[in-house]
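Listed below are the structures to be examined.
Below, chain A partners chain B and then partners chain C, in two separate complexes.
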Partner chain A sequence: MILKFQVSLQKPEIKLETLKEDIKEFFRITGWEKKLHNAVYSELTVFPLPRHPAAPPEHLKEPLVYMRKAQGSWEKRILKSLNSMCTELSIPLARKRPVVEQKELLNKWNEMGTDEPDLSLFRPVYAPKDFLEVLINLRNPNYENGEHLNFKTHLGLIQVPLKVKYISELKEFFVELSLNTGQLGIDDATQVPPELFENEHVRLGQKVLAEQDSAAAQQYIRQGSPTALRAELWALILNVSNQPEDLLYYEQLKSNVIQHDLLVDSLIYKDVKLTASNDDYYFVFEDYLYQVLLCFSRDTAVLGHFAYNSASPPKSYIRGKLGMEDYAVFYPPNGVIPFHGFSMYVAPLCFLYHEPSKLYQIFREMYVRFFFRLHSISSHHSGIVSLCLLFETLLQTHLPQLFYHLREIGAQPLRISFKWMVRAFSGYLATDQLLLLWDRILGYNSLEILAVLAAAVFAFRAVNLMEVTSLAAAEAVLADLSTLKVMPLLQIFLFATVT
Partner chain B sequence: MSRVQVPCHIKGAVALQVGDVRTVQGRPGVLVIDVTFPTAGPFELQEITFKNYYTAFLSIRVRQLGSPNHSPNKWITCLRDYCLMPNPHNEEGAQEYVSLYKHQMLCNLEKVLELRLILRQPSPLWLNFTLEELQFFQHGPQVGDFFLMEDQNYQIRSIMFVLGIVLDYKLNSLKEQ
Partner chain C sequence: MGGGRGRGRKRAPALLRQRDAQAGEGRGGHFQAGWGGPQKSGRRCNVQTEESMFEDSWCAKSERAGPESMYPIQVHSPEYSYGCPPPQAWLGRSERLTRKNYMVKNLKRFRKQLEREVGKLEAAKCDFFPKTFELPSDYHLFVEEFRKTPGITWIMKPVARSQGKGIFLFRKLKDIMDWRKDVGRSDDQKDDIPVENYVAQRYIENPYLIGGRKFDLRVYVLVMSYIPLRAWLYRDGFVRFSNTRFTLSSIDDHYVHLTNVAVQKTSPDYDPEKGCKWMIQRFRQYLTSKHGPEMVETLFRDMDNIFIKSLQSVQKVIISDKHCFELYGYDILIDQDLKPWLLEVNASPSLAASSQEDYQLKTCLLEDTLHIVDMEASTHRAAHGSVEGKACLLRLYRRKQAYGSRLAWLTGKEKRVGGFDLMWNDGPVSREEEGIDTAGTGNFVANTHLGCNNDRKKQLRQLFCSFHSQKKVTS
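Moving on, here comes the complex of A and B:
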C-alpha cells in the first residue's frame, strides 16, 4: 500500500487537483480516516456549541448569572474549609518529598493500601448532604419566591424553574429502551433463548469494534454492552486509545506523585478508606484507586474542562505573593477538590480495566464528560440541579399520592435519592447492574437516566413507602438497592406505567 | 462581512398595562422600548444584538424614511412575536445572547429612522424582564479583491503544508527501506 502511494507520487506531474483525492484515499486505506472521524465526533460530543460572539467566556460555563454566583460562593466555602483544615493541622498544601520517602513510595506503589497513615484528624472537605443544602437554598432573584401557592409552586426541595423533560419527551429520548426493543439486562436472562436477541447483539458488537467507529458504538451501546466487549466499547466511545505517549504521560504523572506530596492526597486516602475499602465489591481494588486518584490530582490536562464547567479551579498563591497573578497556581493541579465518595467514581471501572494507565485515561475521560456535572451548580440539562428537579417532577407527576405522603411525614424524596444520583448509583447497585446503567449514560451522552432510575426505584417500592411514618423508616425501605435489576425498572417506569 | 455599530439612544422601558398601574394587581406583561438614532441619519440596519433577560417574545416595529412624494413616515412591523424563551415559565433561553439579522425581518430595513421593541412576558412568575446590551449594526466598508487574493493564497499555503506532510512521510518510509 505504501509502495503504491509512493509510486503514485513519483509521477512526473503531481497534479494539484488529484492531490486532494489521493490524500483522502491514503487516509481511508490506512485507517486514519476512521480515527479522524472518531476524534471529531468526540470533540462535537464533549464541547458545547460555539457561543455567540458577544457572550463572555463565563456565559459558556453557565448562562444564568445567579447560578454562577451560587457556584462561586459554594467554592469559596469549600476553599475556606480546606484552608482552615490546613492551618489547624499545620500541614502545607504541598511539599516536596525527601529522597528517602520518594524511594519508599516507589517501592510501595503497587500496594499503597497497606500503608496505614494517621488520618484521624482529616475530615472530608464536604459530603453530598452539605451540597444538597446548598442546592435547596438556590433561588432565582427574579422569580416569584413568595409564600403564596401558585400554579407553579415547587413542592419538592428544588426551587428553581429549570427546563426538565416530560415523560413523553423522555420516551422519545430513550426510545431504544422501549418494550419492543431488545435489551441487555432483560433479554439476556437465562430463561430467554439467546437466539432471540443476545447472539445477534454480540455479533453486531464485534462488527462495531472491528469498524472502530465511535458514533456507531455509541448507538449500539444504548441496548447494553456484552460483558466481554464492554471495556473496548467504552474505550472506543470515549476515544481513548493506548498510544505510547499516553503511557508516557501516565508515568510522568506517577513521578509527580512520587516527588511531591499534596494535602489533597490525604483527603483521597481518607475517602478511599471510608468508602471503597468498606464496600464488599470494591475493596479489592483499593491499590488501583490510589494509583488513579493520586495521579488524577496532578493532571493539569483536566483544567481544560473548566471552559464548559460552571466551576472554576481554586487558585493559590506562592507564599508571600498573595494577589500577584504571576505567582498564582491552581491547587490541586487539576483543579478538582475531592469530596466524600469521590473514589466511588473510579471503583466500578476497575472491573473493566486492569492496566493502570488505561484505567486512568478512561476515568479521566468519564470525569470530564459526565461526573463533573454531578457536583457543580449549573443549569445544564445533565447537571445535578436539573437531575434533582427531573426526579422530583417525575415523582410528583406519576406517583402523586406517594409524593404527598412522603412530604407530609417530613421525608422529602430527594433527601433519600440525592446520594444515589451524586454518585451515579456507584456503591448502591450491584456491579453488573451499575455497568448496564453506565452503558446507557455513555450511549445517550446524558445523565438524565439517573433521575429516571431514582424515580423508578421509588415507584417499585411505593407500596412499602406508603406505610412508613418517618424519614428514618423511608430510608430503611430504600437502604438496600443491591438486589434491584436496573433495566426492567427503567422500562416499566418509562413505557409500562399507566398514568 | 464587517459591520459598524450605530450609536443609538435607548429610552427607558414603558410598561403597557390596562387600568391604573397603582391599583391593578399583577405585573405588566408588555414593555415597549423606543430606540432613536439622533446622530446617524437614515441607515440600513444589518444586525441587532442583545442579551435577553427573561423576555419571552419580541416584536419590532420600524419607522423608515419614506420616498418624498409619499405620505409621512409610517410604522411597519418588521418582526412579529419572535420567540426567545420556548417555555415562558422555564429558564430556557432566559439569559441568552441573541443576534437578529436583516434577512429575518418581514420588510426591508433600508432607511431606518427609529425602532420600537415590544417585549412580552406572559408568565406571572418573573418579577422583571427586559433586554440588555442592545446594539445595532450597519454594513461596514466594502471588502474588495484583496480578500479574494488572500483566499487563493491560503489555498496555496494549505496545499503546500499537506504536500510537506506527504513528502515527509515518503522520506521516512524511504529511510526505512
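Moving on, here comes the complex of A and C:
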C-alpha cells in the first residue's frame, strides 16, 4: 500500500509549500483516507492492545503459564501422531512432484474432487472430542486439585477458573440484539412488512458500502446483513480487497501446490471427503474447498498470526539434520495442522465468494481473526476454553434443573455442544442461519455468541431433554439443528428469559 | 416407482392404456381424479372405503420401492356423482403439453398467433424453448438449420420417454445417420408404436454452473382448469445437479449432461446418501448473494412467463373439464446470462423421494394439491346443493382432524393455499390485495413466490381458522 501511495503522490497537485494540507486533501479525494482508516482499524481489531513493556512476547500469545504448557504438550501429541502416521505409511512429509504429475494436477485444478485417491490408511490427526478431553484435564496449579470433589469444583467439565461474562454483561455487550432493535433474521420474516425495518436497513447497508468504512460496516452488521450485500460487507470488515498483487499471491500459492506434495494434503482430501462432500448443502463446492485449503497450507503469511495465538507452528527438520535449527522449517508451511471438520470453516464462505483468490483471502482473514481460537488452548475471552466455560455457566445459572438432570444421567451438556462450537456451527445450522450468526461474529469481533447460542439451543429443547435418560438419547434430541432460527433463539435467551 | 396401479383394478379404457404404454415403465404415479358419471364407471379405485379416499391411501406404498416412495393412485369414485361426463378425453389430450414434439408445435403456433394479434415483442416472450425439430418429419428443415450453424451441439430426445432414456448428444450429421440406421433394427420396439419419433433440439452450451456442475430446476404447477386457465405454482421445488463437472469435450458422457435423477442414480459415483439436489430456496439465496435481488427477480419473472405461455399455448387443444386437474413438473435450465429455458413438461412427475428433505417436499406438495382439489370440488358441490354433495361434505369434515376438525370450506377466492400460490386466474394474479390502487403505477407484482419462504402449515391453519370464525358469525 505504501508503494502505491508513493506512486500516486507524484502528482502536480501536491506543492511543497502546502504539503501537509495538500496531502490531506489528496487523501480525502482519492479515497486513500478511507483505506488508511480501514487498515488501521483492521490492525487494531486483530492485534491485542500493547501490554506492559517488560512482558515477554509469550505473554502476547498467552499470559497464563499453565495454559501455555498445556498447549505445548497438546502440540507435541499432535506432532507425534502425525509423525507416526508418516512412518507407518512411509510417506514423506513433503516431496517434490515429478513433472508429469505436476501437469496432471494443473489440468485437473478445477475439478480435484473427481480424484479418488486411496485415503483409507489415512486418519485425521485428531477430532474435536480428543481436544475436549485435553480441555477437561486442564488444571490451574495454584488451586488445590485433589481427587475428591470440593466446594470449588465446577459442576461442568471445565475446571479452570476463567472470567466469563454474566448474562447482564452479555446483555450490555450484545445490546444491538435486544428486543426493541430491528434484526435481520427476525424482522425480515414474511409477515413483517418490509417498511418497518428491512427496507431502511438495506438502504443503510448500501450507504455503508458506498462510504467504504470498515468501522461503520462492523457496527452495521450487528443487526444482520442483507443477502445481496453480505459478500461485500464482509470483505470490507475484514479489509480484503482484490488487488492484482493478491491475485498474484494466490497464483504463487497455487504453483507451490502444483510443485510440491505434502502429507497434509492427503489429510485435507480425507477431511473434505468425510465432511463437506457428504453435506447436503455444501457438496457442490467440493472443488473450491480443495483449491482454498491446499493453498492455505502453503501460505507462510499465516505464520504471522502465531504472534497472538497461544499455539506455535510445528517444526520439522530436513532429513538427517534433526535438532539443528538452521535446517528447521515449519511444517506445514502455514503452521496449521488440519483436524477432522476443518474444511467446514471454508464451506459456508463458498456461498458468498466464487472467485478462488477472493474466497481464499476471506477465509484466511477469518481464520487468523477468529477460527484459530477454536482449537488452541488459551485464556482469551473468545478462546474455546472460555467459550466452554461460558456455555456451562449460562446453562447452570439459567437452567439449573436441566443441567443437573443431564449431569445425573451422564450426559454433560458440553459433550454435546462442544462440536458445535469448535466448528462455529458450520454444518449444523441451515446456511442462511449460519451466515446470520457469522454476521454477528464479525460485528462484535467475538466468538462468545457461539456459547450463547449453544445455551439457547439447550433452553429451546429443554422440555424434551428433561425426559431423556441417557447421553445417546440427549444426542438424538439435539442431533438436528437445521430447522432452528438463530436470531429469535438468541434474543429470547438473552433478553426474554426470566432469571 | 410407479406401477402397482393395476392391482385389482379392472382394465382401463383404451386411450389411457395407450398413454401408459407410451410413457414407458418406471414413470411416476399419475394423478388423475375425475368425478365419474352417476353409473358406476367400472374404474373403481384400489381404495375401497370412502373415508380413505382423500387420506393417506391416495399415496399407497409401492411394494417394490422402499418406504419413502409413494405414488398416488388413480381414483375414480362413484360416490361423487352429479352427472358430468367421464373425463377420459381430457386426460388423453394433456400429452399436448407433455410430449415434446406436440409441445413444440403448439408453442410455435401460439407464437405465430401472438405475433399476429399482439406484436413482435409479446411473441418474443415465447422464445424460451430451444430450437427444436421433429424427426423424422422435419428432417430437411433440421438439416438446413444444422448447416447454418455448424459446430454446435444438438441433443436428441425420444418424444415420449422419460427419465432420460434414449437421449444422446451429437455434433455431426454423421452421428445421426448411424442412429437412423440403428433405429430401424433396434429392439426398442416393445411399444405399440411403429416408428419412434424423436426431437432434435439445440443443446444449451453455456448452462449456468454452480461448483462447476450443471443443474436444472424442477418446478411444480397445478392446473385446475384450462378454460378459463387457472394455474397454481408451488413455492418449493428443487435443483438437480449433475454428478460430474460440466465440460463440452465429452458429449458421450451421459452423466455430465443429463441431470435427471434417474440417470444420475446409475452413475458410478452416485452416492444416495449425498443426494444431488438443493431446494429452490437455497438456490434463490445463492443467486441473490451472487447477483443481487433485481436480477433474481427478473429471472423468476421470466420463469413465470414460461409457465403461463406454455399453458396458454395448449389451452385450445386440451379439452377443459372443471372436474379434472393435473400436476405438472416443469424442467427448467438456466444459462449463464440468467435466462431460463424450458426443457420439458412432465405430466407425471416422479414422486419418489431421494432424501428426507425431498420426502418432506413431496408429501407437502401432495397434501396441498389435495387441499386445492377439495376446495374446488367443495365450492362446486356447494353450488349444486345436492344430497350427495352434503354427504361428501360430511366425510371431508371428518377428515380434517389435522387442522382442528374445522371444515375446509374455502371460498374459492383464495390466492394461496399452503405452498401453492394462485399464479393465473384467467388473467395475471397480483400479489397486492384487490382494491389497493396500484393502477397507473405499473407496479404489478405477480403472486408467485417460487423459492420463497414456505410457511404452509401456518397459512393453512389461518385459512381454516378464518373460515371457522366466519361460520360463527354467519350462523
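We take it that the second predicted complex is superposed on the first by the 475 of 499 C-alpha atoms of A that agree within 3 Å, B and C clash if a C-alpha of one lies under 4 Å from a C-alpha of the other, contacts with A are read in each partner's own complex, and residues count from 1 in each chain.
Here is the rule we use: a residue touches a chain if its C-beta (ideal position, glycine included) is under 8 Å from a C-beta of that chain, and two chains touch if they have at least 3 such contacts.
Model, not experiment: these values are computed from the prediction.
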Practice item. Classify the contacts of A:Phe306 with the two partner chains as first (chain B alone), second (chain C alone), both, or neither. Key: neither
Check your understanding: Taking the superposition as given, does A:Ala54 touch the first partner, chain B, the second, chain C, both, or neither?
Key -> first
Review point. When the two structures are overlaid on chain A, which partner does A:Glu111 contact: first (chain B), second (chain C), both, or neither?
Key: second
Check your understanding: Taking the superposition as given, does A:Thr431 touch the first partner, chain B, the second, chain C, both, or neither?
Key -> second
Exercise for review: Name the contact category of A:Tyr250: first (chain B only), second (chain C only), both, or neither.
Suggested key: neither
Exercise for review: Considering only the touch criterion stated at the top, classify A:Glu144 as touching first (chain B), second (chain C), both, or neither.
Suggested key: first
Review point. When the two structures are overlaid on chain A, which partner does A:Val65 contact: first (chain B), second (chain C), both, or neither?
Key: first
Exercise for review: For A:Ala231, select first, second, both or neither according to whether it touches chain B, chain C, the two together, or no partner.
Suggested key: second
Revision key, fill the gap. In the complex, chain A touches chain C at residues 110-111, 113-114, 116, 189-190, 227-228, 230-231, 277-278, 280-281, 283-288, 350-352, 354, 431-432
Exercise for review: Using the touch definition up top, name the residues of chain B that touch chain A in the complex.
Suggested key: 49, 51, 53-54, 86-87, 89-92, 94-99, 124-128, 133, 135, 159, 162-163, 166-167, 170, 173-174
Revision key, fill the gap. So, in the complex, the side of chain A touching chain B is made of residues 2, 6, 9, 14, 16, 19, 23, 26, 51-52, 54-55, 59, 63-65, 140-144, 150, 152, 160-163, 379
Revision key, fill the gap. The residues of chain C that touch chain A in their complex are 210-213, 241, 244-245, 269, 271, 273-276, 278, 282, 285-286, 288-290, 292-293, 355, 357, 452-453, 455
